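Before I ask anything, here is the structure I am working with.
Chains: A, B, C, D, E and F, in written order; residue numbering restarts at 1 for each.
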C-alpha cells in the first residue's frame, strides 16, 4: 500500500514539474508583459500545488504533511499579493496594452 | 491612497500575528532546531518594516526602543556572567535548558529592536 | 542518480529559464516577474531537499520564504511605481 | 551537478548585477542572487545561515538598497508607437537604428546621473499630455520620430544636440511644449 | 475575562499552528501555544495593527475550509483551460471592470486574491466596490457579462452562501 | 590596452588562487571541534550544536557582538541627529 502511495506521489511530482516547465516556456514565449503576467503567474501555482500534494502522498500522515499544509496556506495568501503588486505597478506607471482601453 | 493599497494592506494585516508567532517559534526553538535569537529577531524586525512599507505607519518610537535595547543589553551581559562564569551551570545542570531559552529570548528581542531602529532611522533620515 | 536528484536538477534547469527572462527582459517589471517565479522554484527545491534527506526542520526555511518573500517584491514594485519619490 | 549549475549561476548573476548601469535592476539581480545563495547554504548543511540569509535579503537589505537609490532622480521616458495596435517586444527592437536611439537616450540619462525609466504604450499623444507624468515623450509614426520635451529644460537641449549629430539618417524632429501644454514651434 | 473569551478562537488557531511547528502533541504544547496566541493577539491589537483583529478578519471555520477546497478545484480547472488556450495561441488580453457585492475590506481582498490565483485573470487595482482585472481572453468588456465569468462562485463562498 | 592587461592579470590571479586552494587541504584543530561535537548535549543541554557553541562555549563572542550592534546604533543616532525626527 505504501509502495503504491509512493509511486503515485512520484508521478504527481513529475506532473507538477511539467506544469512548471510550461510556465517557464510561456514566460519565454509570450511577447508582451501583460500576457506573461496572466499566464505564468499562475500556471506556476498549479505546478506548486501538484508538487506539494505529491510530497504529502509520499510522506503519509505526519507532521511533515501538516507543515506542508501550512506552507500551502501561506503561499496561497502571499503569492497573489506579489503578482498583483507587480501588475499594479506596471499599470500605474502608464504601461498599457492597447489603445481602446478607457482611462479615467 | 488608502483605497488603492487596500488589497495588499488587508492581506498583510491578516498575516501579522502569524509572523509574530513564527518569529517567537524560531527564537524559542533555537536550542534544538536551526534558528535562534538573531534569526527570530530579524523576522520580527521584518514585520515592522513590512508595516512601514504597506501601511506607511511611522508611529514607531525610536527613543523608547533604543532605551529598552540598552536595558536588554545590561541583562544580556549580567545573565551569562552569573550563570556560566559563576560556574552555576556546573552546579545546577538541570537549569541549562532554561538558561539557553532565556538567552535566546533576550538576544531575539534585542536584535529585533536594534535592526528596527537602524532601518527606520536610515529610512527616515533619507526621507526628509 | 536517484529520483530526488533528478527533480532537483530539473528545478535548477527551470531556474535557468527564469534567469534568462530576468536577464533579457525588456522592462523592469518582466525582471520582477522572473524574481517571483524563481522564488517559487526555490521554495519547491527546499521542499524536495527536505523530503530527500528526511529532515522536518528544513521546512522552516520554506515557511520563511512563503511568509516573508512577498515583502521584497512588494517593496521593489512600490518603489518603481512611485518613481523614486 | 546541481551544485555546479547553481554556483555558475551565482557568478553569472554577480557579473550581471555589477555590469548593469540601471541601478534598480541590480537590486532585482541581487534578490535572485541571495535566493540561490540561501539554497546553497542549505545544500551545504548550514540551515542557520540559510534562515538568516533568507530573512535579511527579503526585507532589510532590499529596503536599505532602495533607500540609498532614492538619491537618484528618475527620468521618465515614454515611447509611443502609432503603428502597432498592441504592445509587445517588437517595440523594443535592439540592433536596429531606432532601438539604438532609445539606448542612446538611456545612456545619456545615466551619464547625467539620472535613472531612466522607459514606459511603452500605444496611447494617443493627447492622453499622454493630459497626465503630464513624463519628462520626455518619443513618438513614432511610420518613419517619423518626434521627441517631445519640456521647454525650460536644459537637459533636452543637450540631448537634441547629441541626437541631431549622430542620427542624421533617421527622420527625427524635436518639439517643445510650454507649461500649459501648448506646443512651441522650433525656430 | 471577557477579553480572554474574545480572543479564544484565535487562541485555538494559534495553538494548532504551534503544535504543527513544534511537531509534538502534548498538554505542554497546547498550553504554550494558547498562551503565545493570547500574547500575540494582545500585542497585535494594541501595537501592530491598532485595530480589532477579530472583527476585521472574521471568517467562519466551515466557510474557510469550503473556500480553500473550491479555490483549489477552480485553480486546476482554470489552469488546464488556460494551458489549452496558450497551446492553441488564442490569447487576446484585455482589461475589464468587475463589480462586487461584498462589503468588508477583508472579503474584497480575498475575492481579489482568488481572482489572481485562478490562471487567466490578475487583479490590477481596487476602487470602492469595483475591481479592475486583466483577462486572458477578453470576449467582452461589459461588466455585467464579464462579472459572473470571472468571479465564478467565489463571492458566494466567501460570504458564506448567503448571497 | 591597460584595461585588457588588467583583466587578464586578474583572471590569471583568480585562476592560480583557485588552483592552489583546490589542491590544499586545511588542517583544522580537530581535537576541539571533535570534543564539542561529542559532548555538547551533555555539557549544555542543547540539541543544536550552533546554539551550544554561541551561548556556552563561546559566550564572549555573543556578548561583544551585541555590544557592537548597540555601538553601531548609538553611532548612527549620533551622526544622523541633524536630519532625524527625534
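For this structure, a couple of remarks:
Criterion: a residue touches a chain if its C-beta (ideal position, glycine included) is under 8 Å from a C-beta of that chain, and two chains touch if they have at least 3 such contacts.
Everything numeric here is computed off the predicted structure, so don't read it as measured data.
Between chain C and chain F, the least number of touching-chain steps is 2. Common neighbours of chain A and chain B under the contact definition above: C, D, E. Across C-D and B-D, the chain pair carrying more C-beta contacts is C-D. With every chain reduced to the mean of its CA atoms, the largest distance from chain B is reached by D.
With centres taken as mean C-alpha coordinates, the chain found closest to the middle of all protein C-alpha atoms is C. Using mean Cα coordinates as chain centres, the one most removed from chain A is F. Chain A and chain C, compared by their mean Cα positions, are separated by 11 Å.
One simple way to say how far apart two chains are is to compare their mean CA positions; for chain A and chain E this gives 16 Å. Mean C-alpha position of chain B lies 22 Å from that of chain F. Averaging C-alpha coordinates per chain places the centre of chain B 26 Å away from that of chain C. Multi-chain contact residues, meaning those touching two or more other chains, occur in chain F at positions 50. Of all residues in chain A, those touching 2 or more other chains are 32-34, 37, 41, 63, 67, 70, 74, 77-79, 81, 83-85, 88, 92-93, 95, 97, listed in ascending order.
Residues of chain E in contact with two or more other chains: 17, 21, 23, 112-113, 123, 125.
The residues of chain A lying in touch with chain B in their complex are 74, 77-78, 81, 84-85.
Within the complex formed with chain A, the chain B residues making contact are 7-8, 11-12, 14-15, 18. Residues of chain E touching chain A in their complex: 17, 20-21, 23, 68, 71-72, 75-76, 79, 82-83, 86, 91, 93-95, 112-114, 116-125, 134-136. Touching chain D in their complex are the following residues of chain A: 31-34, 93-99, 103. Across the complex, chain B meets chain F through its residues 30-34, 36, 58, 61-63, 66, 69-70, 73, 76-77, 80, 84-85, 89, 93, 96-97, 99-100, 103-104, 107, 110-111, 114, 117-118, 121-122, 124-125, 128.
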